[in-house]
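Here the chain labels run A, B, C, D and E in written order, and each chain numbers its own residues starting at 1.
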Amino acid sequence: MNLSARANATSTESVAKLSVRDISRRFETRGKIVEALKGVSFDVPSGGFYSIIGHSGCGKSTLLNIVAGLDQATSGVVAVDGVVRRSPGPDRGMVFQSYTLFPWLSVIENVAFGMRMGGMGKKERREAAQHYVELVKLSAFVDAYPKELSGGMRQRVALARALANKPAVLLMDEPFGALDAETREQMQELLLNVRNKEFMTVLFITHDIEEAILLSETIGIMAARPGRVAHEFKIELPYPRDAATKVSDAFVQNKRRLIEVFKSI
Amino acid sequence: MPTWLSQIGRIRAPIPAALYWTVAAATFVIPAAIWWLASSSGYVDRLFLPSPADVAKQAVVLAENGRLWSDIGWSVFRVFAGFTLAAIVAIPIGILMGTYHIADAIFEPFTDFVRYMPAAAFIPLIMLYVGIGETAKILMIFIGTYFQLVLLVAAVARTVPIDVINVAYTLGASRRQVLTNVVVPASLPGLVENLRITLGWAWTYVIVAELIAAQQGLGFRIMEAQRFLKTDTIFLYIAIIGLLGLASDQIMRRISSKTMPWAETFDR
Amino acid sequence: ADAPLQIGVTIWPGWMPWWIVEEKGYFDEVGVKANIVKFKRHPDDMSAFAGKQLDATHMILADVIIPASKGVPGRIVLITDESSGADGIIAKTGIDGIKDFKGKRVAYELGGVSQLILMRALEKEGLTLDDVSSVNMSAEDAGTAFLAGAVDVAVTWEPYLSQASKDGKGRVVFSTADTPGLVPDLLVFRAETIEKRSADVQKVIAAWNKALAFIKTNRKEAVEIMAKGAEISAEEMEQNLAGIKLYSLADNVREFGAAPDGPLFKTADEQADFLLKSKLIDSKPDVPSLVAPQFVGAVTE
Amino acid sequence: MPTWLSQIGRIRAPIPAALYWTVAAATFVIPAAIWWLASSSGYVDRLFLPSPADVAKQAVVLAENGRLWSDIGWSVFRVFAGFTLAAIVAIPIGILMGTYHIADAIFEPFTDFVRYMPAAAFIPLIMLYVGIGETAKILMIFIGTYFQLVLLVAAVARTVPIDVINVAYTLGASRRQVLTNVVVPASLPGLVENLRITLGWAWTYVIVAELIAAQQGLGFRIMEAQRFLKTDTIFLYIAIIGLLGLASDQIMRRISSKTMPWAETFDR
Amino acid sequence: MNLSARANATSTESVAKLSVRDISRRFETRGKIVEALKGVSFDVPSGGFYSIIGHSGCGKSTLLNIVAGLDQATSGVVAVDGVVRRSPGPDRGMVFQSYTLFPWLSVIENVAFGMRMGGMGKKERREAAQHYVELVKLSAFVDAYPKELSGGMRQRVALARALANKPAVLLMDEPFGALDAETREQMQELLLNVRNKEFMTVLFITHDIEEAILLSETIGIMAARPGRVAHEFKIELPYPRDAATKVSDAFVQNKRRLIEVFKSI
């Protein structure tokens, strides 16, 4: 895989952590063709936070799946550290739009799954997992099975599971969609913290413009038919950020500008 | 109206265990009563329908002379061995078939070809290669069970949602790990259910298996009794097979509901 | 107005003449409505017979005697043939005679003709079933098992006997050729059929006789018809026929004799005693009542 | 590295149809070649393993005299009739069992009792009550198939997600409508798969069914050939049963993928 | 069912469209007891719009399921027009938290399902369904199967399906969770319109406080452990409302007050 990788990566001078190059994806079902993605390209530098916003059905989940290696692009490549990736791996952790927990594992076992796959010992991984379960405020439910959890709780378990695995690149598809405002804020702060500490690179899909601004360095605005990144928007806010950032003037300005751009597309 | 009554007509609603078992018992008691009436009224030929008393008498005789126990022991052993063997082979292969398209290509069409063939037709080849000992009988049950089981296992493995597999990948599971840590546990409830169903299938082969030089066993005794028109023995042994099956069914159900608390099923 | 008579038959060379009856339309010729119903396994046609699904079927003596003790009324009306080499005991090369059977694995069908033949053979050398290691199998399976080398001795029938000899796997050490009269094959009707439709029964026997006559006069064609029915070649059919002795009417008259003293009665009585002794039946039926000699007698007139 | 090669090891990844069928064909060609070698080398007794040429010759003979076609016709008819009947009875009952707990109580334990019994043991009773005509043979196949099929149908109906049922209720579906408009279509893909698998079981009963006074049919002819040691005929007929099964399998697969475009399966 | 209904309904003087009376729900799994709801009571008048907000896992979905008749309360009753309801029916339509479409039906067939159950003719119901598919902006996907839709598209189909059935009471569990801001706004307006026209009574779960204020007459704030309605909050904004309402002073005031109350719980 490495050979073609070099060739493809030449366009990115300083190698980006994650490069998405000219991705297209076409679905053909029963004669009908849907051009879900066409020529999507962007880079996320190491430790960067890139959010994608766009209307329902514009191709965001499709894009994330391709980046994760779970779906194959009709054309184009995805590279991590300049190496082309076509299949999924632990370097790209993912939180799915529909929280897919393992029904046969308890909360803590779900969170510890990645560590178990990595060969970590039982006691060690339970401790580590416990930590993340606490972070997502589910200590009271460590031994519950997914079917005994509420929607928002499941989403948080999925989040803890992805974080606990410490992926180099974290892909998140509307991870906070089912959460109330307060919990959502807590999770946003959690994400900001963890990312700082672990130096993760994040590719994030959201519908919440404020959330996008609070978290991201860059926001890619996608347009539909065919799905493409129509505009990239840099957020000029210093890190570390927290909930308080949202009431700053700079934040409000960024928001106003972003909404303008978004509407113009 | 008591609540349990309103539960009866509800889809997926559990009914009280007492009601469940009362109804279930009735489904045995009623046919038994009809049997008793039919045989005692003389309406049906005794030769074809022995009376419950005759059958019970025969049960006592055979239990006392020990033949009943040795027949049960041998047949249980054969069925259990053949079935276990079939499961050991069919589960991994079936899971591969349901998971890898190439494994499907390798096994499925050929299995589809062989599984239609009457197992009894393999008796000469079995005798040629493994002789007429216990191995032959166990192999017969294996052949009768394996080809059906492997397809059922594959069908179950195919129903594991792709999302769950994908999640495991992104958490760093290797393909091998996905197989053992995701596909297998996700298939488990369906697998146990299908094993339960196929165990019944294995039992139906006990007669065919015991065609091969058996000196004892439930199937053997049924054939012998048929030769001498001993209908009471035939009825007794058929009922015993049914009861053994019923018991193993209940045991497997218990095990599966105890070991898989996470599965969404309606319990008894 | 009567339904066609249902005559059960399992595959046995001695009963193949029915194929000729069918092919040549002898039932129509003699004016009886009858069907030949083929069964694979012997117990199944007996079940059908006991269940009143058949008016007649083919049996050996033990098959008549055992159900009789259970109240199934069957009446022997005709001896079709006698196994005369078609059933036999085949032993591995190295086993020279019956006395060497001691401790060997012997395959035979429990309670069937096979057992009878084996016991008769062992008796000759002063042995009993306890001296051999019994392996229970149908005659075919026993033959197959022998050919596969899975047993040392097998009681089986043609074509397994000649096949094993031909392949040099063993040799026939005993056969029904050594025991004339031991295994007569019989045509048995239900008692009520005999009562209600004796004329038809008589016609069935007449049709059978026509077939026998045809075999005599047109052996080549007859063998071909039978071979086609059995899905084997004419040579193979001949080989099968070689092991049996078809009973002519005259033979029947002789065997039935002056009831109840004829040789058939004597053989039947012996077998009933034997079955009783072997605990295969609980009580001995009244043997003469199992025979309906009037039909054989009538044809000769 | 061509992409299809990398696809082979991927879970659930489809491989090119050409590759699929090449591999599948190989699984037939290789055993056939081994057969041919084994029989022509004389290493295995011809009596147990006739040469392909012998079998082919036999096929020509039987095809020419028409017996082959009538045997196929009769057996296909019997299996088809028995199987269809079993499906017609098992599908509604199985769906009820998987949906209503009370139906489960009524049918499941008794089915679990009966299904273990060797079908061949019912031959005497069948002859007594339905005689020895075609009905008896069809009934034999019905008995052999029904009890297994009904459990598989119930297992499928149980896997219909409760959410989907609940949605239908809130949209005003009556219980009856939920059954016919939700449980049935939601079960359909699993149902078709299980029917496909059970059709194989039905075929394995063709020999048992044709024990009952058959005058022709594939099972009957196999037994007749066995009586006269005609191994080539046995092989021919077994292979024909396999091929018929294989063909019906492929047809059912086609139908199911054509009629259920919404199901998530990997296609051939 | 009617008998006990009268007795239970006496406490509501003027019969409410939907009465929830003292509902408790306890889950027992493997020895552990979760008190998901305890003594929840409230009324929604005919044509009313009642929203429930509350932290993740506080029992909102459980409550809605009980109102729909899909789950059985440990104690307490639910009445529609003063008649106790214990089993589900078309009078209480529902949009689930996880959009559960019928996978074997196309978009239009999904939307027309309720009408088909009601015995409406094929042509008629297709026309009616078409209308709702257009309202949720999925005209291009009428014949697509659920597996071919994005998350947000599925949610909209579920919405259209519930609306098309014109239930007397509409129960919605975070129906707009997976939608981008613009689509969400469109759907909110759609809901306001349809409710006006059809005179539906709505019980609505959301995490979005602005959404709750924009849509509701009354907001029930739920607290957890055990789940209960801790506070009811009346929104004093005249109908008809639309997206513009959100920038009005009254709206902002309501929001500030609500957030205060919410935080105090």
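Some points to look at:
The definition used in the following text is that a contact is a pair of C-beta atoms (placed from the backbone, for glycine too) under 8 Å apart; a residue touches a chain by one contact, two chains touch by 3 or more.
Computed from a prediction, not measured in an experiment: that's the story for all the values here.
The minimum number of touch steps linking chain C to chain E comes to 2. When you average the Cα atoms of each chain and compare centres, the chain farthest from chain E turns out to be C. If each chain is reduced to the centroid of its CA atoms, chain A and chain E end up 30 Å from each other.
Centre-to-centre, using mean CA coordinates, chain A is 47 Å away from chain D.
Taking each chain's centre as the average of its CA atoms, chain B and chain C sit 39 Å apart.
For chain E, residues that reach two or more other chains under the stated contact definition are 29, 87, 98, 145.
Counting partner chains per residue, chain D shows two or more touched chains at residues 10, 45, 48, 124, 128, 226, 261, 264. Across the assembly, chain C contributes 47, 50-51, 147-148 as residues in contact with two or more other chains. Residues of chain D that touch chain E in their complex: 161, 163-164, 166-174, 177, 181-182, 185-186, 188, 260-264. Of all residues in chain E, those touching chain A in their complex are 27, 29, 32, 34, 53-57, 59-62, 97-98, 144-145, 148-153, 156, 174, 177-184, 207-209, 262.
Interface residues of chain E facing chain D in the complex, by the touch rule stated above, are 68-70, 87-90, 92-94, 96, 98, 100, 102-105, 113-114, 116-118, 145-147, 161-162, 165, 167, 171.
On the chain D side of its complex with chain B, the touching residues are 7-15, 19-21, 23-24, 27-28, 31, 45, 48, 99-102, 104-110, 112-121, 124-125, 128, 144, 147-148, 151-152, 155, 158-159, 162, 165, 175, 178-179, 183, 190, 193-194, 197, 200-201, 203-208, 219, 222, 226, 231, 234, 238, 241-246, 249, 264-266.
Against chain B, in their complex, chain C makes its touches with residues 43, 46-47, 50-51, 66-67, 70-72, 107, 110-112, 134-138, 141, 144-145, 147-151, 280.
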